[in-house]
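Consider the two complexes below, in which chain A is the common component and chain B and chain C are the respective partners.
Take a look at the complex of A and B:
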């Protein structure tokens, strides 16, 4: 019955299209314009186009350092999420019992359904100078004074890994689950050890999942705000923190917009890459 | 969060063939009998695999357990091991006006957002799946884009637009921002159902004489309902926990619970935060339990 032309149901898209136009595209367009203006055209007279906000980012080593810190934290978070997420994703994809799979799924979803602020609070309770870990270390007599576990980049990375590793696990599980198990069985019946069949069959075939999951986790962790500010103890500056500071403390909308555009550009590149990678995987799948 | 990247086709995890299992076991058994040393190595590898995985699970779940312990522990600072069980922090939380105000406001925003996102997202999904739109793939990519674009940018852009238009920080502005970041969940779950939908059911209804309207309300809608419902539940949870968009769009005195918790956390680290956290965790779990009972979880968490 499918008719190959647009029908009445297409009209149902209109309300969403309107919402996206008014509350998404127009505001992001305005942000792009604001990043190129000398002031707020509504309140100030003689507003002109300028590139000074972008020049300020490029010319001041402080802002480049902030961008580099953001990227460095993102890279560490991605790497560690991959290292600890892969085994769990593999287990989830290969576990045979239905109940076991459901339990693992719940374990991965439970943290995802807990708010970011709550989870950051949990890590503060664990990592602070008087936190659980330091109390345990002290009561065991291993340390005499608290080990500094937070208010540094390590603390931020630990918190971010906890928040974003479920995204890695779910992406990887999908890809590993689609690898034909008979390939591994063939390798093993030809004499390869399970480790070797994993390294030479499963791992290479799951490469697209590794790439997609890494891009996703990286994109999410460079735009995090709560965790870096609380676990960094307001000491470490990242791009999202800087953006909010420009709005709340300096009320420099133009500069905040320029910083926002930098973050937008990086994110868009990552999204395009992510979609291409996952598109490739499903494309291959359809060919098989 | 769960239901995004649309590219992965559906698949069954646990439907692994029992025949393959036994074949594999037999192979392994024979390999072990041939080479006992290799068998020992395989067992050690298996143990390592399980140990690593259990460690990761502990890493994932322990922080949540710590929050609960902290909320029930009577001392005003973190103490480990806990010294007792009390509900004083819950009493303090429910007696604190700013927390209660934030909780009620959050629920209000989440409910308004869920209503908007479900209606708009459900309609959009129908249009994408059935409207024969030109460029439906691009439309879908746009509708899903708020998931991957940093929400802090959505917040910043909306904040700037509201400043330029001089509208202040109204409730509808906040709800619009939340709707934007929750619509993708509804679109995803509804489309998932629509794609598995047997079109012949509609054809049968039509052939038996039902009008297009009656077919829609009596066949299409009931069949799509689980997907829409799942999307609505995700929308509610995401809106209730939403932080970056709210950060830019709330007005002082009218803050959502995550913002109030965040402001409290900057200065204080007592059990009230633990109690507040437990309340919001319980709320999310109740909602997820409802989701699992009504439509089942598995279908909606494919990445």
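Take a look at the complex of A and C:
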């Protein structure tokens, strides 16, 4: 009977396992192999193993700068999304009124109803030299020449934060909503101020949500392509832009695959490190 | 188990309905199963509109075939990933730099056979020169675009792009991904050094070009001109002339040093299973009436020297041997061989 139940469960897992194998492990495996080859073995003869793509990344400081720029944009986006998203998520989780909760939820979800490209172009209309903000500043006589609000990392982070804050809020709302409010009340009844009660009770208990939301936003930010290319004006190079450039204009699939593997490795390392640090800080051993 | 007559009736009815439905849906495909299919690449916008509404259907009717066009860039990586013996495209239409890269990888045939494409006899020499893989069916002139309402008149030289008064309103292309940007690197070598291949002079000139707004394709540059974000920038003539009659304060400048050639090139893939049709398509695209229709729609200069354009187009496009002589062709084979080095350098130059 138990064996039959196990077989049934295994059958139920089969579609998702196949899906993962086909669309996750096989492409990544192929990318890893391509990054170690001199060419595409399907269409080219005399293909051999090589480490030259990785050596090129390591030996040229430009690529290391690109990796660091990508990580820096990801970290800033994650931090600002967390600072904006946490209070909003807390409010959404604690609000008594159903209508209020629905209104907040709609406000958070509304930006997601339009595509990333549309939202980025909207930011360009606001931040460009002839954009709304610069026009207002000039018409008020506050500036004589346009303030550079885009074509830099700040512009990219602004655009990315707008896109990814909903992911942070939705992840955090569920976790904060599950924290028993009576714990905070107990802390306050024992003399803790609301701030201390938040810092010593609510915040530590919401760390799994902070971790999940941060990882989600970080992973999405470092792999973003449209927003960095449009708001960065092609003057800020990130790994996804470089990868696309290598495939579309240099036709160097091996080097693009190596850059992709580096992006994956960097993400994994940072996720593990973040997990450990958060676990140490919170004392939650399951996070370490 | 027996089925009631009513159930049988319903089941037969459903089966019959499903068969009829399937038959109706598949009939056009079955009827066209013998029709050869020619897979090509092409542009969107006005080019795509006229190709799908007029020029493409006329070709299909005349040659009893189906023309399947891919307009989703980038084309070359898709061709690169497809089988050599059954390539995804039969005719590749791109700018010249990508055709050279394709030819180097053995993805397209380096030349078109004049015996199979008789209209080749009527093209200007640049269209089949040693700087061209396949055949150039049209060209545009890469020069300078300018706003006419900002007091920047009387521009005659490429070198004026470097003048400090254009700081903040200067426009150019992302060199690693754009043909105009790459051609402009060679122009910088010519303007400030010993020639197209003088990369050190080109890098020094590019360094002095900052601050500059960069875009990845002409459509984006057009938007910058129209919005006034850019007042002087690199662009091809078609990108300016296509706004003719719309009362836009923009104009195209042909610098005294000459204009760079931006060729629209067709090349046939070696593994194509419909070579005869592919050659027929190249020949068709070089027909004077097809060339005239496309040239007057998208403002490209026709490669066929027998094309007679209406006066408005004739006055501006490169339609005589004297005008065509102003074109500077780029040695893309040499450029592609240095592309990694150039990309690495210009990415550093233009980073914020």
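Quick notes
The rule is simple: the second predicted complex is superposed on the first by the 237 of 288 C-alpha atoms of A that agree within 3 Å, B and C clash if a C-alpha of one lies under 4 Å from a C-alpha of the other, contacts with A are read in each partner's own complex, and residues count from 1 in each chain.
To be clear about the criterion, a residue touches a chain if its C-beta (ideal position, glycine included) is under 8 Å from a C-beta of that chain, and two chains touch if they have at least 3 such contacts.
The shown structure was predicted, so the numbers you read here are calculated from the model rather than taken from an experiment.
The partner of chain A that touches more of its residues, comparing chain B with chain C, is B. By the touch criterion stated above, A:117 is placed in contact with chain B alone, chain C being left untouched. Look at A:236: by the touch rule set out above, it reaches chain C but stays clear of chain B. In the overlay built on the shared chain, the residue A:130 is in contact with chain B and with chain C. By the touch criterion defined above, A:194 reaches chain B but does not reach chain C.
Of the two partner chains placed by superposition, A:45 touches none, neither chain B nor chain C. After overlaying the two complexes on the shared chain, residue contacts for A:142 are found with neither chain B nor chain C. By the touch criterion defined above, A:151 lies against chain C but remains apart from chain B after alignment on the C-alpha atoms of chain A. Shared-chain residue A:62: touches chain C; no touch with chain B. After overlaying the two complexes on the shared chain, residue contacts for A:253 are found with chain B and with chain C alike.
On chain A, the surface patch touched by chain B in one complex and by chain C in the other comprises residues 40, 42, 128, 130, 247, 253. Of all residues in chain A, those touching chain C in their complex are 40, 42-43, 60, 62, 128-130, 145-146, 151-153, 229, 232-237, 245, 247-253. By the touch rule above, chain B contacts chain A in their complex via residues 1-2, 5, 7-9, 11, 13-14, 16, 20-21, 23-24, 27-28, 31, 38, 41-42, 45, 49, 52-53, 56-57, 59-64, 66-67, 70, 77-80, 119-121, 123-124, 126-128, 130-134, 139, 141-143, 145-146, 148-154, 156-161, 163-164, 166, 176-177, 179-180, 183, 199, 202-203, 206, 237, 240-241, 243-244, 247-248, 258, 261-262, 265-266, 269, 273-274, 277, 280-281, 284-285, 288, 297-298, 301-303. On chain C, the positions that touch chain A within their shared complex are 73-74, 76-77, 80-84, 101, 105, 168, 174, 176-177, 213-216, 227-229, 339-340, 343-344, 347-348, 350-352. Residues of chain A touching chain B in their complex: 1-13, 15-17, 19-20, 23-24, 26-28, 30-31, 34, 40-42, 84-85, 87-88, 91-98, 100-102, 104-105, 107-126, 128, 130-132, 135-136, 162, 165-167, 170-171, 173-175, 177-178, 181-182, 185, 188-189, 193-195, 212, 216, 219, 222-223, 225-226, 230, 240, 243-244, 247, 253, 256-257, 260, 263-264, 267-268, 270-271, 274-275, 278-279, 281-282, 285-286.
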